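Questions regarding the structure given below will be posed in turn.
To keep things simple, chains are lettered A, B, C and D as they appear, and every chain counts its residues starting from 1.
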């Protein structure tokens, strides 16, 4: 395929450093050309041993560095809007970690900017679309043999939440994955959201509403329920069951080796998303590199990032008010003909 | 244990005939002493070949027949109140199929009548309490190793609904099983109910709202969600997952022989409840016979039948109005110290 | 079905007492009429609280006791031959626990005695034929959709062996279940046996060869392998996979509730055969009672007991010699037209 | 990590072409520098669109091509010995597809040649060592919590065998994977082999002995049984259960999405090894590239290739004679201190 794709990585924190490793050692066809982080030492550390990389504290400078063909944004959410607009200004393809932009107004500005360009440059990091199980489920639903989906039952459990995690973040950070997955699997927009609060677990930090139970409605009348429980203590589990008119399909069961000992037959449960979705991250970045080198954008785009922001904001309002909150999207620019598949 | 328990069976329809067979050929320690059905021919047919049984069209006559020590009520729901009061008047122990009494006012009259007697005579046919898997789940929750239950996720699917089945019956007939199971598993009353209507399946008869998604709240703040889908077409499935503070437990997976052929590994799914819960019916009746012969009542009682009626009525109102409907129970007589376990 | 079947139970040890309980409290249509045990106190204890039972130290006396219609033999193996011949002499139907007769010469005398009677009276206690999973597998194989069976992979694991259990008993006591199951499932005789000795487990008592790996060949050339491991420590497991020309089917997976906690998803493993096969024992005795009252014999018969003895003897020789040992059966009397199904 | 590793690929058939694609588009850190195939057109086709690759009909010429740092041998087995010796002569690290050398005499010559070099250059393509499930099982066994392994039960099923596949190839091609996996998992050599022939399937080509049942013994007395069935028709299945002194562990269950429809709950079974072991191939080559760039050899080596050849030859003799055949290995050169882990 010719020359390696030179990537500028913005952000050298946990996620950025992992992507730098992935671009350098896992993915074929790309190389890290520049890295930017306000903490220059952290940026230097993340690229130690790599040749041909320039290090910057200013993201704009990284975008302008020699050999940069594309951008991977892994900086904190509030920095994403400027970074995306900067990439658009330079006509650089970009892979942006979720959330695309934390607030829906900013997300809409990104959508409008890309629509003005008249061509798609941005892919958003909804990596579940690259998980083998999710893809099988998507293919099954699209194939139509089970008929129309009526219900999605989702479970999203984490061992524990990071320090300072808020009740709103269960929606706009954790459930944002289910928001995108539901839109993608069903091929339609979410139209309303309700959040129920069962009694919180003793294992949750003081004041955190955890677990929560979230109900989404869709354009065509399907119902999506999500148990989100971020301090469950016992493992990382992401499950999804689609109930359709002629059958049901389920993904996300714990699937490791079966060990029988001491009067029980057990399978290990993953401890975190890097175990469960390691392959999905690798495949996401490989696909982005391959498509970018071929001059195409194939993954979830700015519209998907925007829609996720709007739904998440409605969800947080639903959590706060106890009411069913309608989701109101701006008109969809022609550039984004439909929910991306 | 001495003499066989002579049982009067009221109702010789599908359920009554099955119980007659069970008392005669499966269960130890009992015999059918009398049977009553408005259709005398049906009653005769149900006891063909049995010795020592009298056949009646009037249920009262059956209760007074020689050798009757106890009553099993399998007549249609509207006949239950009179039959229960008739049994109470004769001091006869009684096993009454669900619903105890279809309307909550009638159910309350039964509770009050038994409370006046000052001793328990009635057991209600919530047979899931006798299913081996449900009992394991109950024992686990009661044992406390998983901490307090926070959520119950329930699924109740039938291949197809009987002719004339109404949208309200999804709640007051199908979900009534989950109502009792939730009360029993959690050991507390349900306090409110909401019903959501996803788009109905093409497989459902014209006008039937199917599937439905029901949310119950409990006294201590647990949340119970139920997918009820009575025309799913693909099998009979009853599942329950309890999510607790320190773990989750799931019952109801399809568990038959694994057959690998033609590029798939598959397990048969039960076609109806008589396959899935055959053992539970046998165990229920055997336990009732054993307890009755020992002069005790051990199963779910009139209070459980009453509470189920009240919750089901609230559920039907919730379905009709789209609102969250509170459950209001009469004061609990001392005879029923707590949710029966 | 009229009068209860009066059963004389020979032997009031662990197994006999359990059958007495089963006849009295679980099974429909039968009652314990007499019990015999050399230890009169043990016999008295086993029938405490039962009315109408006579207690004996002489098994012959029990067979002659009033109200005895049939016999259940649960005495030690060496007493079986006399008990069976005694029942035949009185024309009494009999359910005999396995082994029918420990040595094949004695077993053949039983077969010949019954053949002389010209009617079948004996059923042998191979209870796996009454287990729901085994019956499904049998029905599948007989149905023919998977084609001809080529291999059976069997696993038979116990937590620990009883005191004094010998290396030969792994074959003639434990594997005897697989011997009968293989003959029944495949519908043909076993023709040769080889026994391999992997290194023994540290968990096995000094001198016991445990586990063992046994290979049977059948008339039509199928191969049956059995891992028998009676001090595995971790649970009671009985599995069987039939590999056929067009598919494979597996039974015996651990199937209880799935509990997810502490980073693992686990199912409890049964501790002993009374848990795993409780239903099979109940069904076996119920079927025997029903058939006996109807004047029929439907279960595994004396020929099956004899064949199991011969194969087990060959297996013990194979264990001792390390050689492949051929199985040589006497000609089959006409009374036993084929391997019983 | 600096410059890309330039790889000469010998053989551009099915396997070679797949490795070329993998080196170009999947694996990080390598590029295809040269390719050799007697069929120049096939070689050209396999590298169409790749820059900087030279194409050869003579493998020696490919080894001498500019930019070649390492060799991947994917030519037919009979060509392997010369290719390996050619790589050794040029001091080139090499990844050689299995079988290393089809006959054990040739395999021993490769071992001796590498031993004379005094450093390891060869890695053999036993890709199961790179499968996530096998690695977990290996880690569990090495961890020692289950005690010493006593038995391995293995299953190896293919949908159908390629044209011309012989009865001996079930051993020396199919079972060769189990030979290496057993040596690696148990960390010891195999010492004897017996092959049993159940009746062959109607689905097998005329004259092919299929399935076969193979028994290996190990140095420390463990027993390894393998069902190999290469025309099973229903799917590709590779399973392994290790039975240890304190527990058992099983890998290889079919694990895809669970689809419930039409009265059955089913999982798709893989159709071939490229589906089941796709990740293992990717990981194998990535690990080899990474280790080679770091100047190390970490995978299975020439001794493993040699031992597999000797055991396979013994297996074929065992198949032909029906006898137990002892495995006799040459003394192990110091370069290969132990069974490689």
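Operating definition for what follows: contacts are C-beta pairs under 8 Å (C-beta built on N, C-alpha and C of every residue); 3 or more make two chains touch, one makes a residue touch a chain.
Computed from a predicted model, the values in this text were never measured in an experiment.
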Inset, instruction - Between A-D and A-C, name the chain pair that shares the greater number of C-beta pairs in contact. - result: A-D
Legend entry - Euclidean distance of C-alpha centroids - chain A vs chain D, Å: 37
Inset, instruction - Determine the centre-to-centre distance between chain A and chain B, using the mean Cα coordinates as centres, and give it in whole Å. - result: 44
Legend entry - Inter-centroid spacing, chain C versus chain A (mean Cα positions, whole Å): 58
Legend entry - Per-residue multi-chain contacts in chain C, two or more chains: 234, 246-248, 260-262
Inset, instruction - Considering only which chains touch which, label the overall pattern as line, ring, star, complete or other. - result: complete
Inset, instruction - Mind listing the chain B positions that touch chain A in their complex? - result: 147-148, 150-151, 153, 196, 198-203, 211, 213, 215, 220-223, 225, 227, 229, 232-234, 243, 245-248
Legend entry - Partner chain B, residues of chain C touching it in the complex: 1-2, 24-29, 49-51, 133, 136-137, 140, 145-146, 246-251, 253, 255-262, 279, 286, 290
Legend entry - Interfacial residue positions of chain A with respect to chain C in the complex: 234-235, 237, 254, 260-269, 271
